[in-house]
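Please read the structure below before turning to the comments.
Chain lettering (A, B, C, D and E) follows the sequence in which the chains are written, and residue indices restart at 1 in each chain.
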Amino acid sequence: MGKESLQSAIIKFAPLDKLLDLGRANSLWPMTFGLACCAIEMMATGASRFDLARFGAEVFRPSPRQCDVMIVAGTISKKMAPAVQTLYDQMPEPKWVIAMGNCAISGGPFVFEGQYGIVEGADKLFPVDVFIPGCPPRPEALIEGILELEEKVTGHRRWPRVEAV
Amino acid sequence: MNDLARSPNQETFVLNLGPQHPATHGVLRVKLTMDGEYIVDAEPVLGYVHRMHEKMGENRTWVQFMPNTARLDYLGALSYNHGYVKVVEQAMGLEVPERAEYLRVITVELNRIASHLLWFGAFVLDLGGFTPLLYAFDDREHILDLLESVTGSRLTFCYYRFGGLCNDVDDDFLTGTRAFIKRLRKRLPDYHNLVTKNIILINRLKDVGVLSAEMCRKYGATGPVLRGSGVDYDVRKNEPYSVYPELDFEVPVYSEGDSMARYMVRMDEIDQCLRIVEQALDKLPEGPVMAEKVPKILKPAAGDYYGAVEAARGTFGIRIVSDGTNIPYRMKLRSPTFSNLSLYGEASRGLLLPDALALMGSLDLVIPEIDR
Amino acid sequence: MLSELKSEFASLAPLAVIETDYKVKGYHLDVEVGPDRVVDAAELLDRLGFFLEAITGVDWLGKNPVGNQPDPVSVNEQDPEAAEAEGEAGSDAPADKMEVVYDYNRTDGVLCRVVVRCRLDRAKPELPTVSRLIPGADWHERETHDFFGIIFTGHHDLSPLLLPEDADFHPLRKDFKA
Amino acid sequence: MSGYFKELFGGTKSLFVGLGITFKYMIKPVVTVQYPHETLVMPPRFRGHIELVGDEETGAPKCVVCGMCQKACPTNCITLTGEKPEGGKKKVLTGYILNFTTCSLCGLCVESCKFDAITFSRDYNLAGPRKDAYIFDLKKRLEEKSG
Amino acid sequence: MTLTEPWRVLAFLVGIIAFVALNAAYLVWLERKVAGHIQGRIGPKEVGPFGLLQPLADGIKLMSKQLLVPKGVDPLLFKVAPLLVLVPAVMSFVTIPFGENLVARNIDIGLLMIFAFASVNVMGLLLGGWGSNNKYAVISAARAVSQNVAYEIPMLITVVTMIMLTSTMNLNEMVIQQGGGILNWHFFANPLMPFAFLIFFVCALAETNRAPFDLGEAESELIAGFHTEYSGMGFGVFFMGEYANIIIGCSLAVILFLGGWQSPFEFLSDQGLWGVFWFLAKVYFLIFCVMWIRWTYPRTTLWGLLNLSWKILIPISLLILLLTGAMIKVWPLITGAS
């Protein structure tokens, strides 16, 4: 459903597209969709110390119809996979996915020989745009992930890169 | 409460408080059969974040299971580390030095305050107030900084070892903790004035989701849920372990059994935890943090052992069955919210939808701990 | 408290009643009963004001249950020794057991944890449900059924609790292959 | 009837007290650390992904390929390859691959290493568009760092 | 600058729609800034200076979003509902006097027209909730209707009291009567007026599903209330409608009680464009209070909400109506006679 990319307009309005991308990049509304421990770090990022609101991303919409980015924060179990797939399909285009934490990237610490319960990585269900490793990653890593997504949407990065000291 | 024994052909509809819902704080699904806005029957459906902890307990060595215990209830992870370490030390008969026990109590109680603060914010968020969550998170960040400077991680700690701790504590942790205690004691009256005394909140919580002591006993509910219904049961007092007997603190008990009582129990527990941390800081002895002769490869004697610890949400019990090798034979994790939630079906019958969510919020659920 | 309990349990013809050392084992009394006596034990403890803490399933494939023989002086210990001897010899010897352990505890300040153990034949693990008496056991039993396939007769709904709805495998059995 | 009025006035009083508190916090300074512009300093014991420690003088990794960390890791994220040069008797490290995406940052590997060859790095803000960027080759990273 | 007829209508039309659109955008910005600072954080900052371009970015994103019409949805109701919320709000700006002679149509029954449109707004919520084939939306629609009906009555009783006091329904006329300094405002006309103002303000809050009464759009219970199924601009129009209704509610409160475009100081009352400044200053102060209340209180219970209206607000507003009526009739007799 919706595999063809949206931008294949016949007449390419470069400045208009750039404006649309800029608008979309600066108001990414995430979905309140916390699975496990990383959800608490996602809430901490929305809280007052790290404050996602500065990037216009603090409107955590509960309904998938009104969000742009799905932050998969936690372990996707096999029982939860169809629900996550439905949520992804319910989101209107253009939509993005951030895989936050090792569990969403590759099953994290719950991968062992003969495991029966979890999907090893969100990219087995739908295309993922930004990966944030860590168990759980610090709130700054999630903000870095959102800046990474904005760089992917607009094509250039407006914020300084921070070297871990 | 109200007469729901309507004629059988009253058309009820099934509402899915789906796996993704802001009020479930995780992936719990509750199948609600509703008659208008009243709940006829509620059936929680679990397993959406089942992470096979007990299966993993059977294919890794005793010390390698440590990170798993922290990922059960990541809000009060240190109590789970403490429970696991305590039951293995009990089985091996290991002696833990005094300083390590005191540091364990200090870090567990700080973690309990952080867990109660997050519950306080999330609970008032369920009731519609957004701001207290941000104030609670602000305080919680201070605790996470303290614990991160000692253990290295913010949420999923792996700090305790069998026989002690993996490294000692430096001085600015101690001064930082005292400063934090002063700061939180100044802010708690604000929380009470903003939320506890608020007439809207009182109307929302008074006589909502009343749990009798008998129903709690029948379902095996423990922790603040049980203490909210008038039963004075706290593992730290009933089965004294670690250095809790040397520290004096009360266990808050309210007998009304409604959501307001459970709310007040947890808010008073924050004060008690502050008292415990303060006393433990004063009595902190010098000395090593790790027992001397801890065997490299741990092999507890064959047999099964049970250990219980007071986690933030209730009694966390671990039943380990060892067959003498260094791989555990069976690891049963008794999580408190599993039993606390099992009474939800019966307790929420006849409630309105917002009251049923207030009841669920007052049970303080962490879903990965229920699904294990 | 313990003496009163032991006398009460005497009427249930338990297979083994052992007083264990709380400091090491974590519980005070370890009672092993047959599958048919489980409901009576639950009813007795419920009457005395205990609450059910947990139900644990253990799969003893190819091993003999080590549960309740901490100190060799326990009261009647015939069958485990016998099982020990020929357990090693036969491959899937009849000794294979599936064990269900009930933990009971008190909340009124008297520190007394009682463990009720019941051993079932691994091929057809079946025992009556206690969820009619103690509603809290409902989910514990469904979960034990999920992981071990132990059938609790009389349970109103033994569908998978933690595993996906259509799960027909029992992951915590020792011979489970993913 | 008196309960009705008492509750009414007590209630409205609590409402205005609540407004006062939020106003007090509105005037208080903001606690935000504006991440890309201002950053927090990580405590010394912060647990980022593990990294090899280079010898002071030669800069070569201290690791002697004993494999203790590989055995200690609960989720076997570390794969070690080393081979013994013909003359010398000590093994030399040729590859140290860390699959950080399955690591749970428990610290058992750092503890099990007797030669202090690995420590926790201080990378707290990793994020990127590619998944395999987080299967680190620690030997190459050490060489780049000591450069 | 008196414009001739067709140009005057065009100018006011453009003015009102620009006022509503700009306000809807920048009230969202103001709300997020106020919420931020109450909670000790900053709010939108990186998008343009002080985050001023944030509403622009939100607008562009919402407009360029895919407009999903889910299967099983009643197509007509689903599409009409957001308009039913926005259009009445915009149209009731026609009779609101922004300045001395700055009013689109100075109709004699301006107040009645505004309340006629206010009731259409409820239809929007109901049809939106019912049309989107979503159980949560149906529950929230039922709640929103019962809440609006419950709070329409005390609001109208208070308005009847004010009409009795000023013996006119023409909004501009009402404001002129409150001329000459702060003491002539109706707020200070007689000791009951502060209570009437409080009741009117609480009803305005409940009417627009805001603050402690947001049971219609209860985020933490009913996912997103009646606009659960709306994506992109459908949700955007609902948002604009909500903020337009808030402005209407606050400006009515200002006109009825706080002296519309009259300046609070005696000597400063030589009008001109100053009237607009005073009017907007008062309206924005009330809007700030609405936001301040929203970020302080939890949500009330449904029966608590209805009890508040039927058992507390209606009796008191009836009492005020009677007492004001008595004061108007009896007071001049006493003072006049003696």
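Operating definition for what follows: a residue touches a chain if its C-beta (ideal position, glycine included) is under 8 Å from a C-beta of that chain, and two chains touch if they have at least 3 such contacts.
This structure is a prediction, so every number in the text was calculated from the model and none was measured.
Engineer: More C-beta pairs touching across which pair, D-E or A-E?
Structural biologist: Per the contact counts, A-E leads.
Engineer: Counting only C-alpha atoms to place each centre, which chain is farthest from chain B?
Structural biologist: E
Engineer: Going by the average position of its CA atoms, which chain sits the greatest distance from chain D?
Structural biologist: E
Engineer: For which chain is the distance between its Cα centroid and the global protein Cα centroid smallest?
Structural biologist: Of all chains shown, the one whose C-alpha centre lies nearest the global C-alpha mean is B.
Engineer: Please work out the Cα centroid separation of chain A and chain C, and write it as a whole number of Å.
Structural biologist: Comparing mean C-alpha positions, chain C is 46 Å from chain A.
Engineer: Please compute the C-alpha centroid of chain A, do the same for chain B, then give the distance between them in whole Å.
Structural biologist: Chain A and chain B have C-alpha centres separated by 29 Å.
Engineer: Which positions in chain C touch two or more other chains at once?
Structural biologist: Within chain C, the residues that touch at least two other chains are 163-164, 171.
Engineer: Any chance you could list the residues of chain B touching two or more other chains?
Structural biologist: 21-22, 47, 50, 52, 55, 60, 67-68, 71, 131, 134-135, 138, 156, 194-195, 198, 200, 371
Engineer: If a residue has to touch 2 or more other chains to count, which residues of chain D qualify?
Structural biologist: As it turns out, chain D has residues touching two or more other chains at 15, 18, 21-22, 25, 30-32, 34, 74, 104-105.
Engineer: Provide the full list of chain pairs in touch.
Structural biologist: The list of touching pairs comes to A-B, A-C, A-D, A-E, B-C, B-D, B-E, D-E.
Engineer: Going by the contact rule set out above, which residues of chain E touch chain A in the complex?
Structural biologist: 32, 36, 39-47, 51, 53-54, 56-61, 64-68, 219-220, 223-224, 227-232, 235
Engineer: Mind pulling up the chain E residues that touch chain D in the complex?
Structural biologist: Residues 34, 36-42, 45, 292-293, 295-297, 312.
Engineer: Across the complex, what residues on chain A touch chain E?
Structural biologist: Residues 19-20, 22-27, 47-49, 51, 53-56, 58, 61-63, 65-66, 68, 92-94, 158-159 of chain A touch chain E in their complex.
Engineer: Which bits of chain A are touching chain C when the two form their complex?
Structural biologist: 78-79, 113-117
Engineer: Enumerate the contact residues on chain A facing chain B in the complex.
Structural biologist: 31-37, 39-41, 43-44, 47-49, 62, 64, 74-75, 77, 79-80, 83, 87, 109-110, 112-118, 135-136, 138
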